[in-house]
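Shown below is the structure under consideration.
Just so it is clear, A, B and C label the chains in written order, and each chain counts residues from 1 on its own.
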Amino acid sequence: MALDGQKTAYKYIGTTPNRPDGLDKVTGRARYGADISVPGMLHGAVVRSPHAHAKIVKIDATKALAMEGVKAVITRADFPEGLEGEDWDLQENCMAGEKALYDGHAVAAVAATTPLLARDAAKLIEVTYEILPHVTDVDEAMKDGAPVIREGAADFSVPEGMHPNVVRYFDSGRGDLDKGFAEADLIIERSFTTEAAHQGYIEPHACLGQMGADGRGELWVCTQGHWFMRRMSTAVLGIETTNIRVTPSEIGGGFGGKTTIFIEPLSLALSRKAGGKPVKMVMSRNEVLRATGPTASASMDVKMGMTKDGRITAAHGTFRMQGGAFAGAPVDVTTMLAFANYDIEHVHHIGYDVITNRPRQAAYRAPGAPMAAFATESVIDELCRELGLDPIDTRLKNAAKEGTRATFGPKYGPIGFVETLEAAKAHPNYSEPLGPNQGRGVASGYWMNWGGETSASVAISEDGSVTVSVGTPDIGGSRASMALMAAEAFGIPYENVRVNISDTGALGVNEPTHGSRATYASGLATIRAAEECIGKMCKRAADKWGIDAEAVVWEDGCAKPSGPNAGEFPPMTIAEIAGEMGGTGGPISGHYEDSPAGFSGSFGTHVVDVEVDPDTGRTTILRYLVVQDAGKAIHPAYVEGQFQGGAAQGIGWALNEEYVYGEDGRLQNPVFLDYRVPVASDLPMIDTVIVEVPNPGHPYGVRGVGETGITPPLPAVANAVRDATGKRICKLPLRPSRVLAAIQGKEV
Amino acid sequence: MSKRIHVSTTVNGDEADFLCDPRETLLDCLRDHLGVMGVKEGCGTGDCGACSVTLDGRLVCSCLVLGVEAEGKEVGTVEGMAAGEVLHPLQRKFIEHAALQCGICTPGILVAAKTLLERNPDPTETELRYWLAGNLCRCTGYDKIIRAVMDAAAEMREAS
Amino acid sequence: MNYHSPSSFEEASAIAAGASGTTRFLAGGTDVLVQLRADIVTPDDLIDIKHIPGVKEISRTEDGGWRIGVAVAGAEMTECADLCADWPGVVEGMDLIGSTQVQGRATLVGNLCNGSPAADSVPGMIAAGCTVTVTGPEGSREVAVEDIPTGPGRTVLAKGELITGVTIPARGEHGGDAYLRFIPRTEMDIAVVGCAVNLRLDGDTITEARVSLGAVAPKALLVEEAANAIIGTTLDDAALDALAAAASAACNPIDDKRGTIEFRTHVAGVLAKRAAKIAYARAKGESA
């Protein structure tokens, strides 16, 4: 068996077969979170705070409980006390305790026999509030005199004397900044802001929970990670983790936002209180936008120095981010990745995690990275302009490559940043002529990727077909990728592989489909489990032939003698071995349980052309190019899809998406009408180039590709608008009124 | 609770009856009373198109139609697109072009695209993008969706 | 909520007049259902007027104008080639509302009665000189479109009154109209500013004009000063600048999540110029 080394020639990897779940998803048959119903089920609804910050004085459910068909009402009093740390945060966020901490914070929930009845009953639950001063802006929340969200929320990292709303502090760097800046011919320092953006998955959170008085039950839910869901939900309810079996539905988008809990423990608690009847809960879009996790908003100062010939000599960044009423804004990642694209000797980052009266932030595709990229890639663009340098050549001059010590510490292994820059430069989009009011922007981005806890199993069926069981929900075609990798490993047709997403009762622990880890980690697990099966099948053939297992090789779906010395036997196909397995040692399966650490990051470079209407400030995307390193593209069409989807989300964040809070601390735009994600007519085709610099830590060279694509668009679009208008705008989104004001020479 | 109303309608060619509260939308009724689950709720306010159906052949958001308004009408959903085992060309092209990632918007987009091609078998890319502007997709950036519809349109023109 | 489906306007009016709680008329439902879903308005009585004979008809009036039924959806107007040829501005105002799906349901009268200052179809109707027939317990009257809204979410319609049809005047010779709106995206947004221009030419000279602005005041405006700025001109640059200045001067907008006072005021002038150019070209029979 030749398992060492990396394959370079593939039969199935790199092809684009139809996804196994395609038929279900084009016929309406696929079952998403809200699509399951069971006999006798109830429907839940949540009462939410209309106030940004308020003491909960009294909750009176008398009228609601008096309605016929209303079966249970829960408040925080129905949850255990004494939780700490992350568990307490989760519980407090799922159901407010003493205070409502943001507009949309859950304060009670009700279960009734129909959805309308549950909604009507929720309206009859009377909550008495004592309104408190609020703060929703990150810079305001750090100032002396700002309302304190919660005393004692800060951890040990926060230096003395800071406002209690500063809950985590980060300070890292290396080299000698003064020396670095002294070497520069030009130093540019700018302050930037980005607004909170929502993942905008089209499927609202939905679940169906059932739990008896014994604390045991079931949860059907749309989630990126059902083990996370199980651990968090049971922790919040104070029950043992294994008591709840969680089955993931098909998932209608997540982008990081479905890696935590909101309504799920409420459905379980309502079910228990209603005598164990299952309770279905489905969020409205209003609830999704007000009460689930958007990303953090950021306020940043970045200073960089460059020599005349384009070498970055030093970089300093201060990043202040608010992630709602709880610690967790991804400022740690922001500081880590701010300058990670480049080989910089003297670098320093400072980060503040600040709490405000906003919903608890959740992960959103490359959490923390796009904000940092907006600031640093804008400053680099400005340095290039002032010094008359080409933006791609300058990035090439400073690009991190294999052996570069990253600004966050470790040395990079083989990475493909240089290759993305060279491919972007060679692409026809980079030399397309531009007309009046048009501009071109370039920016690069990075995501370090992740491995995480991973369990998978592969089982051989009696006819030689193969079942792959993984624990990472298929959010964008990963069943196809797993099937391709299994087909490649076994040397059997893609169609002979069936991929299941197993529930929490069928596999060991798995992290979610997040961090760009599914294709890497579950893929690696699939391959390793397949190899275990192959080893067992080689042994079965060897036993039959009466030779050593080492003398058997696996090729093209068959066990074969390794050479003339091994003896002359006709190859045994997987079907032949499987057909006899009951009598040759029993069922054949392979397993993988590990936290693989061989992941490697993915760099991307984007080139965008825009046209700005000088009379209205409106920006139109004319052309868009994504170049990104996939390591090895397992299913290239779905890799392109990740590139294109990330770019579209980044374009939305750059141009029109933002959380707008009013003076009253209420979210002004909890509806898709005013939370403006890009529509089909807003975008051109999104051109892609897949760069492949294999990751040595994966048998086929895979790098995760999901996150990186959202990182460059923010600065790329801003740099293009700068090119088109002559105005550097340091605040996102680039809404027309802001761009027009800049064109008119006003301060923005 | 309001008094329930009996509604007789047709869904994908089959007669269907249900009792509904007059506040319930056609989307609610299709899903909760008739089990037609290919119709999805993404927003409930007509902004995302995931609940797109045809009502007497006209493309609408079923969240913006009351269940009682379906009385005597013909409702068409994604479940009615394939002819038995044979997929509609749009359905087939969506799979072939990887035009779906999570797939939650797919039923609505298929229904919307089908109504366009019935009216205009040879749309330009711009016409198609504007026709589909009410169908949000957050995964794909629309690129592969547009390619799939254009390819299906070309195939359907050749076949006719 | 009680659902009614009367078979005549008189019956509809009587139900509304006799109702004690909140009443809404249901045509396309694209506003009513959103408000219902969002718990903004849950009517006690919902009166579906789509079962009244004739409400889905588009017809010619005797003088060559048009009569649009109250349940005619936007898509049905867009599909009426003769109507589009006569009044492209009126039709494009309607057509810009919402998505293809919304176009399958939304109506001119619904858009008007919703009372939004940003209603896309209203400036086009005002510029065209449209009137609506109001029927109520006291009988019927004809009211100019600009006199229907009184402020955000409010209209002149009294209890028991409803609109029973829209009349668009005859196009006549050498006329053209256009509607433009500004939104941040290409589709699916509420107008930040809307502007309709309707004009008539004698040769190259504008002899009649009406200019209407949306989303820049508590209700859609008919701006006489803007019309006067181009009447008697050939829409030269000076006239366009005067038009833009008059349009901007008429604005009395608010700052909100969709736009600022400053932006709306400026863009009103920009759109007035652009819409006037299109209307002018159409009046000359040039494609635009």
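A few remarks follow.
Keep this in mind: a residue touches a chain if its C-beta (ideal position, glycine included) is under 8 Å from a C-beta of that chain, and two chains touch if they have at least 3 such contacts.
Quick caveat, the model's predicted, so the values are computed rather than measured.
If each chain is drawn as a node and touching chains are joined, the picture has every node linked to every other. If you compare B-C with A-B, the chain pair joined by more contacting C-beta pairs is A-B. Rounded to whole angstrom units, the spacing between the C-alpha centres of chain A and chain C is 44.
With each centre defined as the average position of its C-alpha atoms, the distance from chain A to chain B rounds to 29 Å.
Annotation for chain A: residues touching 2 or more other chains are 284, 671-673, 678-679, 681. In chain B, the residues that reach two or more other chains under the touch definition are 21, 23, 44-45, 47, 130, 132-135. Counting partners per residue, chain C has 37-38, 186-188 as the residues that reach two or more other chains. Residues 2-3, 5, 21-23, 25, 44-47, 49, 52, 55, 58-61, 63-66, 68-69, 112, 115-116, 130-135 of chain B are the ones that touch chain C when the two sit in their complex. On the chain C side of its complex with chain B, the touching residues are 1-3, 26, 28-30, 33-34, 36-38, 42, 46, 48, 50, 73, 75, 98-102, 104-105, 186-188. Across the complex, chain A is touched by residues 37-39, 182, 184-190, 192, 256-260, 262-263, 266-267, 270 of chain C.
Residues 119, 123, 284, 286, 615-618, 655-656, 660, 668-669, 671-674, 676, 678-679, 681-682, 735-737, 740-741 of chain A are the ones that touch chain C when the two sit in their complex. Residues of chain A touching chain B in their complex: 16, 18-19, 21-23, 25-32, 34-35, 37, 114-117, 120, 199-204, 250-255, 282, 284-285, 475-477, 635, 637-638, 640-641, 644-645, 647-649, 671-673, 677-681, 683, 685-686.
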